[in-house]
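Note that chain A is present in both complexes that follow, paired respectively with chain B and with chain C.
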Partner chain A sequence: MPFKKTPQKFSAAIKAVEIGTGDKKTVLGGEGVMPLYSFDGPIENAPKVGVEIVDTGLEGEAKGIQEFYAGCTTPAEMAAKAATMEGADFIALRLESADPNGANASVEDCVATAKAVSEATDLPLVIMGCKNNEKDAQLFDKCSEALAGKNILVLAAKEENYKGVAAAAGLAYNQKIGTESAVDINLAKQLNVLVTQMGVKGENVIMNPGTAAAGYGFEYVVSTLERIRLAALGQDDTTLQMPVITPVASETWGVKESMASEEDMPEWGSRDDRGVDMEVATAVAVLAAGSNAVILRHPQSVATVSKLVKELI
Partner chain B sequence: MAKFIVIGERISVTAPSINKAFAERDPEPILTRAKQQLDAGATYLDVNIGPAEKDGVDVMKWAVQLLQGEFDNVPLALDTANMAAIEAGISVYNRAKGKPIVNSADAAGRIGYIDLAGANDAICIALCNGEGIAKDNDERMTYLQTLLERGMMAGMEAEDIWFDPLFLVTKGMQDKQMDILEFIKMISDSGLNSTGGLSNNSNGMPKHIRPIMDSAMVAMAMMQGMTSAIVNPNDLRLMETIKSCDVIKNNTLYADSYLEL
Partner chain C sequence: MAIITFQFKNGTHITAEAVVGANLLNLARDYNVAIDAPCSGNASCGKCRVQLMEGDLDSPRTLHISEEEYAQGWRLACVSKVCGDAKILVPDIAFAYMSRMKVADLSSGEEIAIFDQTVSDLKEAGIEFENDLRLIPVTMSEPTLDDTMPDNERLLWALEAATGVDDKKISMNFQVLKNLSQVMREGNYQVQCVTTTHGEGLRILNVLPGDTETKICGLAIDIGTTTVTGVLVDMQTGKILEKASSGNGQIRFGADVINRIIESNRPGGRKRLQKAILEETLNPMIARMCKAAGIPVGWIYRVCIAGNTTMNHLLMGVYADPVRTEPYIPTFFHTSAVKAGDLGLYAAPDARVIVAPNIGSYVGGDITAGTLASSVWTKETFSLFVDLGTNGELVFGNSDFLMSCACSAGPAFEGGDISCGMRATDGAIEACTIDKETMEPTFKIVGEPGQKPVGLCGSGIIDVICELFRCGIINAKGIFVREGKRVRHNIHGMGSYVLAYKEEAASVKDIEITEVDIDNFIRAKGAIFSAINIMVSSLDFDVSMIDDIYVAGGIGSGINMKNAVMIGMFPDVELSKFHYIGNSSLSGAYTMLLSNQAEAKVQELASGMTYMELSTNPFYMDEFVAACFLPHTNASLFPTVAEAMAE
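And then the complex of A and B:
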């Protein structure tokens, strides 16, 4: 008997959320099919790849990353360089220097960095914080104000600071806001409910339900992403129909496979190769599970993942 | 599984203010009740214009356009003994948010409503009842088969026939309640959809008791696989029970604010 193809049809769809402005603006989401299932229905907006830049410099980064940015002395110069990376759809600036337990850079300095980065590239901009909830809320507020009209994405509002982030970035400055939970599907939904109850439109929300590096409890990440997508499409759950973004680099470059030096682990081979492998494996896995965008650091990872997306969609 | 579908029952000629509003084509009382029900979580609204022998066609057209115009094409159940009025309602009905529901057919004098639904690509509520009250579930199942076959003949999909077990009043027919619940399980096991006027079970009870009985009944009915009910969505206890059962059945993903959604 001949094979009969039965497309899995949903009447619901993921919201299409635009970030950036002008020619380089980009759209996340919009599809009404399971991840990468372009054989079931059209995927008008293929998954996007962003390049992460950290404002504390390149110390400790893998050789391939350092070489790529050779000669760059500021995050703005790095952003201009990153924009030339093959397959880069957006820039993600991580304001690590703001961490009160680290360099504790002032909000004003961080805003100046964000402005300089924004001026150095016409790619859409994602602003990531330093993982200190209180400081991040201030950063997102002031960066949203300084970059008004640029349609940036702030990553992200969490359970602890969503009120401030939604009120400032989402409502006062009309930027896109991320909602972040740490692989907790009920909290992922709850945060979307809370920010939309505050008046932020669902069309202005992108969710980061969390990730892990491949091999580090990753099954739980996959089932969370899939359950979100099935609820959004199969149960028409409007509180979960936001596109998903996954900051991959900040997870994968923190595990031993990517960090251990070649001197310490000669039998593991090139650190660049290991780091890229971890980044690519994790990125591809979250894309297959339901993410609409990944944030990566190594130029080789960006090129590899964007090529894969291009050939699949 | 899909979420339990709540059909709001409060736009009905049995309410004197609504009866008057239909007669005088006064939008305000109807829109007020519609909004209250939708805010409370109703998916469909039932529009019961009564026998409407004289001006049913005009009233139903007017009501459909009024409600769909005001509430973004809200899906409706068209409820009247006047078949021409149902067809007239469907002729002006916008399907963007869901097919119209024909309310309702039975296996006796009203079996023609199935044909009407089939001819108009509508959903039909099919009461598993003939003349008088069915004596047991074998008899109910016979009516179900009759209605299902009639629907197939009319070109309907089985999923568009929502079988109504006919809820019976507990005061007086207490011994029949488990039969009804078992019949819901039989409908569900056949892969078919179900609905019904669930609050009939608490008819005649004191006002403060009814939400408690209705909530218990809906929870037990959902456990048996019931997929919809025609109820008062402004009964908070009932709606909280339905939403909680939807979570337990994994029909909706839990979030701390689930009762507000």
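And then the complex of A and C:
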């Protein structure tokens, strides 16, 4: 009996959400098939790759990253450089310096950095906070105001601060909002419900349902992403039809495989290779499970993942 | 050594000797000073407030005590250490749980009618209301010099003549023998014997002079983790002579079963806990009922006790630790070996104590007795029986099969774990509505007209949360999202809603419900709903196939089913399917007391019930998180709520 291909058809689709403006603007989501299943139906917007730059400098970064940004002194210069990376679709600026338990940079300084970065590149911009809920809410408010009209994505509103973030970024300045939860489909859905109940349109929301570095409880991540996709497409659950973005770099560059120096672990080999391997393995796995965009740091990772996406879709 | 004086509002006091550094709450427990401590001294519930009048205590200020209150001497007993002589005022609030408890199930005629209804339902299902207690009048010939038979043989011969039972098969209790001589002479050789069947023969439980007016009484008791209720019954007519309820005296050792088991494993703990339930709770209750009914406790010849697995283990002083550790094996499901005299329970020493059988570590006799009382097992249509207590238990099925499971709801349904929570005593807000425009509340309060509010009981909490949600004051996560006169935030940003300012309330502080309270309650209702959902879907059913939902428990007849559905505690089915059946554990025990067939039926139901362990179910956590949202993360499960909210 000859093989007969039966495509898995869904009547629902992931919402297509646009970030950025002008020629370089980019669209996340929009597909009506399971992740990367381009054989079941068209995937018009292939998964996107973003480059993460951190506003606290390059100290401690892997050699390959430091060499790539050699000569850059400000985040804006780094952003301009990052935009030249092969396969970079957007820039993700992480305002680590704002952390009250760290450098505790003022909101004004951070906004100035964000503005400078925005002017240095025409790629779409994602603003990431410092993981302090209160400070992040202020940052997202002021950055959204300063970058009004730039159609940025703020990453992300959490259950603890969604009210402020949704009101400012989503309603007042009409930016895109990320909703972040901790690897639990129900919590992800609840936050989307709360944000949309405030009046933010589902079409303006991109969710980050959480991730881990590959090998660090990653099966939960896969299961969560997969169930989110199945609910969105199979059950037409509109509260889970937002595209998914996954900040990979901030997870993988914090585990020992990526951090341990070559002096400490000579038998593990090159730190750059290890870090890139972790970043690529995690990124590919979340893309296969349902993510529409990944945020990476190492130029080699960006090149590898974007090449993979290009060849698959 | 330091001297600590516990001063009570009624003027009495207890003096205790303590070493410096001793914990005040433990000291109070050692001296039987009742301080309410539902969290068992973890400083998390804030209920063990006492006031320092003289001397000093080494006690930090906690979240539960404001600076102003701290200055007035208010301390939490559980975090206080003795550092010298001191005089401590124990507030009445701590006493409220032992007395003046509203008998949640027997306060009105309509709740008494539930008992009659249960009996008639069971009769209809073919259960005969017969038991083996008899009152047999016996006439004997007077002894003479020619007839020197001893008193006991004389009685046995006469009984054989009266009943036809071989005198070799009749036995009597030692207490009966001791008094036999006087009783026979007092009655002029006319006596009445209270007997029960004993194997093929008879056992004499009591002998009374022939002309005494007597009654054969029985006792049905429900031992809840929080509340104990009981009825004294005339076994010949089935009439309820007296009723009583009280807080469970074990409560000061912890609010939930796990904390009680842990306490029972401390040195002398099993004895302490048994004493707390038996000597401090049950016996005073029985004495009160007997006094009111005008009978001696020795006229109680049969006792039926329904309680959860931990409660019946602790009552009997049985080692209970395996109940809380994997793989959760209790010492017994069913026992018929217990007599009142063995326990020291106030009743005839030979009175049989029937313990409603357990079917699992967390589904006990209260549920098997309750299952009998609900009519889940009599019908072909599918019914769900829900007992809302500190543990929530569910039974689902019909006349062909029964399934049960338990989930830990915490004490929230009974007002625990809620800062202004209280049991349904005087001053409890049992119903509430809130005006959507002005955000002003209106209450129905337990007690005499004009009673000022003191706190919230279970049904009141459901109403308040439902109304706050309906008015858009809190969001689906239970977080305050609307500002108003009655909404405020503390320095940590935690929101709260003031139900009554202290001027309007019979309390030392404002009565308010906080985000933490709401969160606790949402978890409790989430536990119940997710258990229902998992049990029903494990059979590939959905909630629309449930024809009747029987709700039992001390949460009170005041429970507003519509509001309970609004907040996602119960499935969204027609309201006419809900039936409140009161304290089904007690009404079940009452029928088991009166009827041998009912007793046997409970054994049969218990042995045929499938127990589903939720704690090892991989889907439970997921379902639970989904249910911790108002009404539910999956809004399609609650279509009528969505409609109502849209209006």
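One rule holds in what follows: the second predicted complex is superposed on the first by the 313 of 313 C-alpha atoms of A that agree within 3 Å, B and C clash if a C-alpha of one lies under 4 Å from a C-alpha of the other, contacts with A are read in each partner's own complex, and residues count from 1 in each chain.
Here is the rule we use: a contact is a pair of C-beta atoms (placed from the backbone, for glycine too) under 8 Å apart; a residue touches a chain by one contact, two chains touch by 3 or more.
Note that this is a predicted model, so its numbers are computed, not measured.
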Query: Clash or fit: how do chain B and chain C relate after the overlay on chain A?
result: clash
Field: Partner chain in contact with A:193 - chain B first, chain C second, else both or neither
entry: both
Message: Can you tell me whether chain B or chain C touches more residues on chain A?
response: B
Message: By the touch definition at the top of the document, which applies to A:156: first (chain B), second (chain C), both, or neither?
response: neither
Message: By the touch definition at the top of the document, which applies to A:51: first (chain B), second (chain C), both, or neither?
response: neither
Message: Just checking: does A:185 make contact with chain B only, chain C only, both, or neither of them? Give me first, second, both or neither.
response: both
- request: Give one of first, second, both or neither to describe whether A:105 is in contact with chain B, with chain C, with both, or with none.
  value: neither
Query: After superposition on the shared chain, which partner residues are touched by A:286: those of chain B (first), chain C (second), both, or neither?
result: neither
Message: A:240 in the overlay: touching chain B, chain C, both, or neither? Say first, second, both or neither.
response: first
Doubly contacted chain A residues - partners chain C and chain B: 185-187, 189-190, 193-194, 197
- prompt: Across the complex, what residues on chain A touch chain B?
  reply: 185-187, 189-190, 193-194, 197, 227-228, 231, 235-237, 239-240
Field: Interface residues, chain A side, partner chain C - complex
entry: 159, 163, 184-187, 189-190, 193-194, 197
Query: Where on chain C does chain A make contact in their complex?
result: 475-477, 481, 622, 625-626, 628-629, 633-635
Message: For a test of understanding, state which residues of chain B touch chain A in their complex under the given definition.
response: 2-3, 251-257, 260-261
